[in-house]
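Each of the two complexes below includes subunit A, the first together with subunit B, the second together with subunit C.
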Partner chain A sequence: MKKLTLAVSLALCVGTAYAQNKTIQIAGFGAKSGVVRSFGVNSEAALLAAADVINKGGGVKLADGSKARIAIEFYDDRCNAEEGISVIRRIAGTDAVVAVGPTCSNVAEPLFGILQKKVGDASDSGLQFPVFTDVAIKVGLAKISEWAFRNVPNEMTMYNSLFYWLRTTHPNAKTVYGGVEEDFAHSRATWYLVMKGRAEASGFEVLGNSKWLLADTNFATQVREMKKANADVVAISAHPFTTCGVLKEMQRQGVKPKLLVGLTSSSSLETLQGCAKQAEGIIIPTSFAPINKEAINAAQSTAKFKGNADLHSMAAWENMFILKNVMESEKITGTDVQGDRRKIRDGLAKLKTTKGLIGVSKRDAEREADKPYLFVHAKKGEWKVLYNPL
Partner chain B sequence: MDFYFSLAQLIGVHTLLGLSAYIVLLTGQVSLAQAGFFAVGAYTAGMLTVLAGWHLVPALGASALSGAAVACAVGFPALRVKGLMLVIATLAFGEGVRLFFFNFDYQVAVDGIRLGPLGGEGFRQIRFFPENGWGTGEVMLFMWVFVIAAMALLWWFDRSRYGSVLRAVGEDELAAQSVGINLTAVKVSAMTVGGAIAGVGGGLYAHYTTHIEHSSFNILVATFAIAYPILGGLRNVFGTLLAVIFVQGFLVEGLRFMGDWRNLLFGALIVLAMNLRPSGFLGGRRRA
Partner chain C sequence: MLDFLQAVSDGVLFGATYALIGIGFTLVFGVMHKINMAYAAASVGGAYCGLLVLKVMAGAPAWLVFLGAFAAGGVLGWMVYLTCFHFIPLSSPLATLMSTVGMLLLIDEVIVHVTNGMPQNYPLMFDDVMLRAGEFTLRGDLLLVFGVSVLVMIGLLLLLYHTRLGLATRAVSQQPVAAQLCGIRLVRVNALTFVVTGLLGGIAGALIGASVGMLSPLLTLPLTVKGLIVTVIGGLGSVPGAIVAGLLVGGFENVLQLYRGVTERDLYVMLLLFVFLVFRPGGIFAPKSGRD
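What follows is the complex of A and B.
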C-alpha cells in the first residue's frame, strides 16, 4: 500500500510538473531576409537547438521549484532599423522575458537607443526590456543602454593578438593594405577602429585601403589599387559576399599577398561555399570552432534545425545557456513578466564570467564579453585551426 | 499597446514623407529628392536637440526651414528639366545628400561624451523623447499633430486657387502657361513646401529611431516617398495616408508572421493593388 501511495504521489508530482506546462518565452530576432539573411537563419536554428536541449534536460527551474519549458519565437527585422524598433516593441508587448538579437549593428544602435539608458531612472521613459545580442558585433554598443548586453567577441583583442602573432611568426611581412566594405557598420568600424590601428601597433606599416559597398559586384578598381600597393598582408574587412568578390578579382588580377586576413564574420560556411579556392589560406580570428565535444555537439544540434555553426550562431547557442543559468539563479517566477525581465537584466549585469563553447568568457562593466578566441584558416574548403592561444 | 503607438508613429513619419512627394506630384513632376530633404531635416533636428540642447519643437521648425531652403535651391535648376531627366536629376541630388552625410563629421563633447554625426558610423543618442520622459502614446500624439497639420495645409491648398494652379500645371503645362501661370514659380513653390514637410518628417524620424546614418536615406526611401501618393491616388491627401497604412501597417507589420514569404508578397500585393486601382486607392483625376 505504501508503495502504491508513493507511486501515486510521485506520479502526481511529475504529472503536476508537466501538467502545469509552464513556458518561458524567449524572443529571437535578426535578419532572415536580404543580403545577410544567413546570419538570422543560423541564429534561429541555434536558438531552437539550444532550447530543445534545455527542454529535453527538464527545462528551466522557476522560483517555486517547478520546471518550465523554453519557447522560442523568432522575428525577421530585415536588417532594417525601423523594423528592428517595431520588432522589439512588439516583443516587449508579448510575454517574452528577454530577446536575443539583432543581426546587424545598424539595427542594434537605434534599438539600444530606445531602451532606458540607466536602470531605475524614472525620468527616462525608454523601454525596460533586456536584450542579449548574439551577432551585431560593432565595437562599444552595449554601453548605450543598461538593458543591453552582448555576447559577441572583442575584435580589438582578437586583431591585436592576430597582428602581433603574424608579426612574430612572419617577420618578413612588414606592410599591410586594407580592403573595407565601407557602407556596412561592422566592416567599416572594424577596419578603421580596429584592424588598422592594431596592425600599426604590432609594427606593420599600413599602406592604405580600398573601399567598396555591400551591394557591389565589381571590384576591379579596388583590387588594382591593392595590386599597386603591393603589400605583404592584405586585410579584408568585409562580409562573405563581397569578400568572395574581392578574392576572385584578386585571383583574376594576379594579386598574391604573403598573407590574407579576413573579418570575423567571414569565418563562416558562406565564404567557403562562395569561394573556397580563392579563400585558401585566409586567416581569421574567431570565437568558435568545433574543437571539443561540446562545440561539436552544438554544431550538430544546430544542423538538425537547418543552421550552420559559426561564431555568431554559436553565440546565440551560448546565450540560451547563460540565460537559463541566470533565470534559475535569479529565481524568476514565470508569471510576473516585467519582474522577471528586471531579474534577468540584473542577473546578466552581475555576471563576471560565462561558460562558452570553447572556454570561459569574461564580462566587463559595459556589459560586453571578452570571449576566448583562436585563429582559423581556410584549407581545402574547410576552416582549420591555425593557432589556439587558449 | 506600446507597439501600436510605435507603429502609429512610424506611419505618421512615412505619411509626412509621402505628403512631401504628393504636392510635387500634383504639378506633374516626379521627384526622387525627397529622401534628401528628409535627411537634411533629420540631421538638423538631431543636431539641434542633441548638440545645442534645443527643445524639439523649434528644432523641427529649423528642420522645416532647412528642408524648404534646400528644396528651393534644388528646385530652380532641377525643375528646368522634365520627365525622366528630372527623375535622374533629383535622384542624383538625393544620392549627393546621402554621400554628404556619409562623410559628414561634426562631434562635440556633451557631458564628457562625444556626440554628433560621425560619417559612416552615423549619429546616435538622439534621445529627446525618452530623456524627457515622454511615453509612446504622447510621442504618437505629438507626431500626429504635425501629420494632421501637414494634411490640413495640403487639403486647404487643394481647395484654394493655389491648388487649382498646381493641378493645372500638372494636367497641361502648355495650357497653364498660356493663361499666364509662371511654371517655374509654381513648381519651385511646390518643391519648397514638399521640402519643408519632408524636413519635419526627417526631424521626427531621427527622434523616433534615436540613431541615423546615411543608409537611412537611400534610394529605397525616395522610392517609397513617391510610391505612397501614387499608390494612394492624387485625388486628396487621404490617399497617401491610406497607402502608408497599407504598406507599413499591413505589408510590413501585418505580414511579418509570414517570414520569408513576406518579401515575395510585398511586391506582388503592390502590383495587384496597382492593377486593381490603377489611379490609386482613392482614385484621382489624373495618373502620375
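What follows is the complex of A and C.
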C-alpha cells in the first residue's frame, strides 16, 4: 500500500512538474531604439513584471486543468511602420498566442491593416493573430481589423471632460490657443480631432494654433504667435522634447497663460526630466496615477524591472491580467497555437468591461477601451492628482 | 515689418548654432577633402558627456559642464578619426563616407540606449538675458553662441595662419605627398585636425544644448543636415563661409517659416541648396586652390 501511495505521489509530482513546465508565450513589441525608446523599455518592464506576478501566483490555468507559466519575448519595431509589420509577421511565425504593442500609432495603423479584417473571412488572407495594443493612442484604430484590440485611453472622453471641468472651475478662462507637433500622428490627431473640438464644445473660443515639427529646436516664431493671441488657455499637443522647448521659449518671451494643458503622452517622467520648472502647473488627463494600493504595487513591480509607470506602461500591465482572465475563461489548450489565438481573440471580443488599475474600463463594439481617467498636474517636479472625476 | 525683422534676427541668431557645426564639417573637408558625417552626432555626444560633470559634482556651474563637453568632444573627435579614417583607405572616398555615416548612427543609438531617448535638461548660459527695444527682442544665449562662433573663426584662422601646426595643416591640405617629403607627419596632422574640430564640436554641442535648453538624440540628424547645407553654401573648406552660411540659412528658414509655415519651411531651404549647387557650386567663399 505504501508503495502504491508513493507511486501515485510520484506520478502526481511528475504531472505537476510537467504542468509547471508548460509555457504560454506572449510577445511584446514596441520601440526599443530611437527617440521613443523609453516607451518600449517601460512597456517591456511592465509586461515582465506582470508576468512575474502571474507566474508567482501559479500561472495560467489551461483547459486540461494544468497550469502554465507565461513567457514574454519583446521585439523592437523602432517606431517604424515597415519594421513593425516585419516584427508582427515574425511573431506570428512563433508560438506566441497574442502580442501586446505597438508603441507608435504610425506603426499600429498599417500593422492592423495586414491583419484579417473580418474573422472567418476565407477570402481574406490577412494575418489571423490577436494584437492587444497598450500604447498607440491615435483615435479609432482598432476598427481596422477584428483581430485588433486596444486598451488605450479614450482621448475624446478625457479632453471633453477636462475642458468642461476647466470651463466650470475657471469661468474667467474663455479662450484657447493650440500648439501642435505637426509631423507626429498622435499629437496632430489629438489637436485637430480631439482637443480643438472638445474645447469649442465646452464653450471655449479657439483663437488659432501654432505648428512645429518633432525635431524642431527653435520655437521663437510659434511662441510669438501664441503671445499675440493672448489666450487664457494654451493647449500643447506635442511630445516631451518639443513641449519642453516650447515651454522654455514661453518663459523667455514671458507668455503666461492662465492655464496650460498638455498631451496625454507628456504626463511622463520625460517632461519632468526635460523641463520640470517650466512645466509647473501644466494639466494633463491620464489613465494612470498611483492612487491606490494596486496601482502603487504595479508601479513598484515595474520599477524592479527598470521601467517607469505611466499611462502607457500600466496599460501593458493591465493587458497581461486581462489576457490571463481571457485565456482561462476561454480554456486555451497551450498546445494548439492557432486555436488558442482564435480563442483569445474571441474572448477579448466578448469583453464588455475590464478591471484596470484605477477602476473599471468599458469596452466597445469597435474593440476600444473607455478607461477611467483623472487629471494630473506638474507640481514641484512630480505629477500630482489635481482632480479625480471618478 | 516688425514680424519680419524679428523673424530674421531670431533665425540669424539661431543660425549661429548651424554655423558652429558647419565650421567642423568644413575644417575636416578643408584638410582631408573628406566629409565627416558623424561630426554633429559627436558634437552632441560631447555635450552629453559634459553632463557627466553634474553626475560627479551636483550643482556644478554651467561653465564646468561646458568644459567637460569641450574635452569630451576632443576625445570623441580623435576616436572618430581612429575608427573612420585611420584604418580605412583614404583613397576610397566612399569608404570613409560610409564609415562616418555608420558612426553617426552608432553615436546616436548609444545616446538613445544610455538615456532611453529621454530629453536631458542642459545648463543654461545667459538664458535670462533678453535685449529689448520695444517689442523687438534678442536672446542673450544666442548672442553668446554668435559671439563664440566669431571667436572660434578668429581662433581657427590664427591657428591656421600663425602656428606651425596651421602651416603643417595647410601643407597637408594642399600637397599631402610633398608635405610628407618635407617631414610633416600626415597621420599626426590629420589626427590633430580631428581633435581640434572635436574640441570645437564639444563646445558647439554644449552651446546648442544650452540654447535649446535640452539635449535629445533628436538633435543629431537635423544638425547633420543643416551642417552639410551650411558647409556647401558657405564653400567647402571655408571657415568664414560656414559662419556666413549658417546665419544665412538660419534667417532664411525662419522667414520662410513665418510666411509659408513650418511644413513648407525645409522645402525652401533645400531649394536654396539646389540654387547654390547649380549657380554657385563652390559656395559663397569657394577656396581658390585645393589639393591636386
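As a convention for this text, the second predicted complex is superposed on the first by the 373 of 390 C-alpha atoms of A that agree within 3 Å, B and C clash if a C-alpha of one lies under 4 Å from a C-alpha of the other, contacts with A are read in each partner's own complex, and residues count from 1 in each chain.
Please note the rule applied: a contact is a pair of C-beta atoms (placed from the backbone, for glycine too) under 8 Å apart; a residue touches a chain by one contact, two chains touch by 3 or more.
Model, not experiment: these values are computed from the prediction.
By the touch criterion stated above, A:Gly274 is placed in contact with subunit C alone, subunit B being left untouched. Judged by the touch definition given at the top, the superposed model places A:Asn106 against subunit B, while subunit C stays out of reach. When the two structures are aligned on the shared chain, A:Glu182 is found in touch with subunit B and with subunit C. In the superposition on chain A, A:Arg224 makes contact with subunit C only, while subunit B stays out of contact range. Legend: residue contacts after superposition of the two complexes on their common chain; A:Ser33 is shown touching both subunit B and subunit C. Residue contacts after overlaying the shared chain place A:Ser86 against subunit B, while subunit C stays out of touching range. By the touch criterion defined above, A:Lys248 reaches subunit C but does not reach subunit B.
When the shared chain is aligned, subunit B comes close enough to touch A:Ser125, but subunit C does not.
Contacts of subunit A with subunit B, set against its contacts with subunit C after fitting on chain A, overlap at residues 33, 37, 182-183.
Residues of subunit A touching subunit C in their complex: 33-38, 41, 182-183, 211-218, 220-222, 224, 240-241, 244-245, 248, 252-253, 269-270, 273-276.
Subunit A meets subunit B in the complex at residues 32-33, 37, 75-76, 78, 81-83, 85-87, 89-90, 92-93, 106, 109-110, 113-114, 116-117, 122-127, 144, 182-183, 185, 188-189. The touching residues of subunit B, counted against subunit A in their complex, run 1-3, 6-7, 10, 102, 120-122, 124-127, 129-136, 208-211, 213-216, 252-253, 256, 259-260, 262-263. Subunit C makes touch with subunit A in their complex at residues 3, 6-7, 10-11, 14, 17, 109, 112-113, 116-121, 127, 130, 137, 139, 208, 211-214, 216-219, 221-222, 254, 257-258, 261-263.
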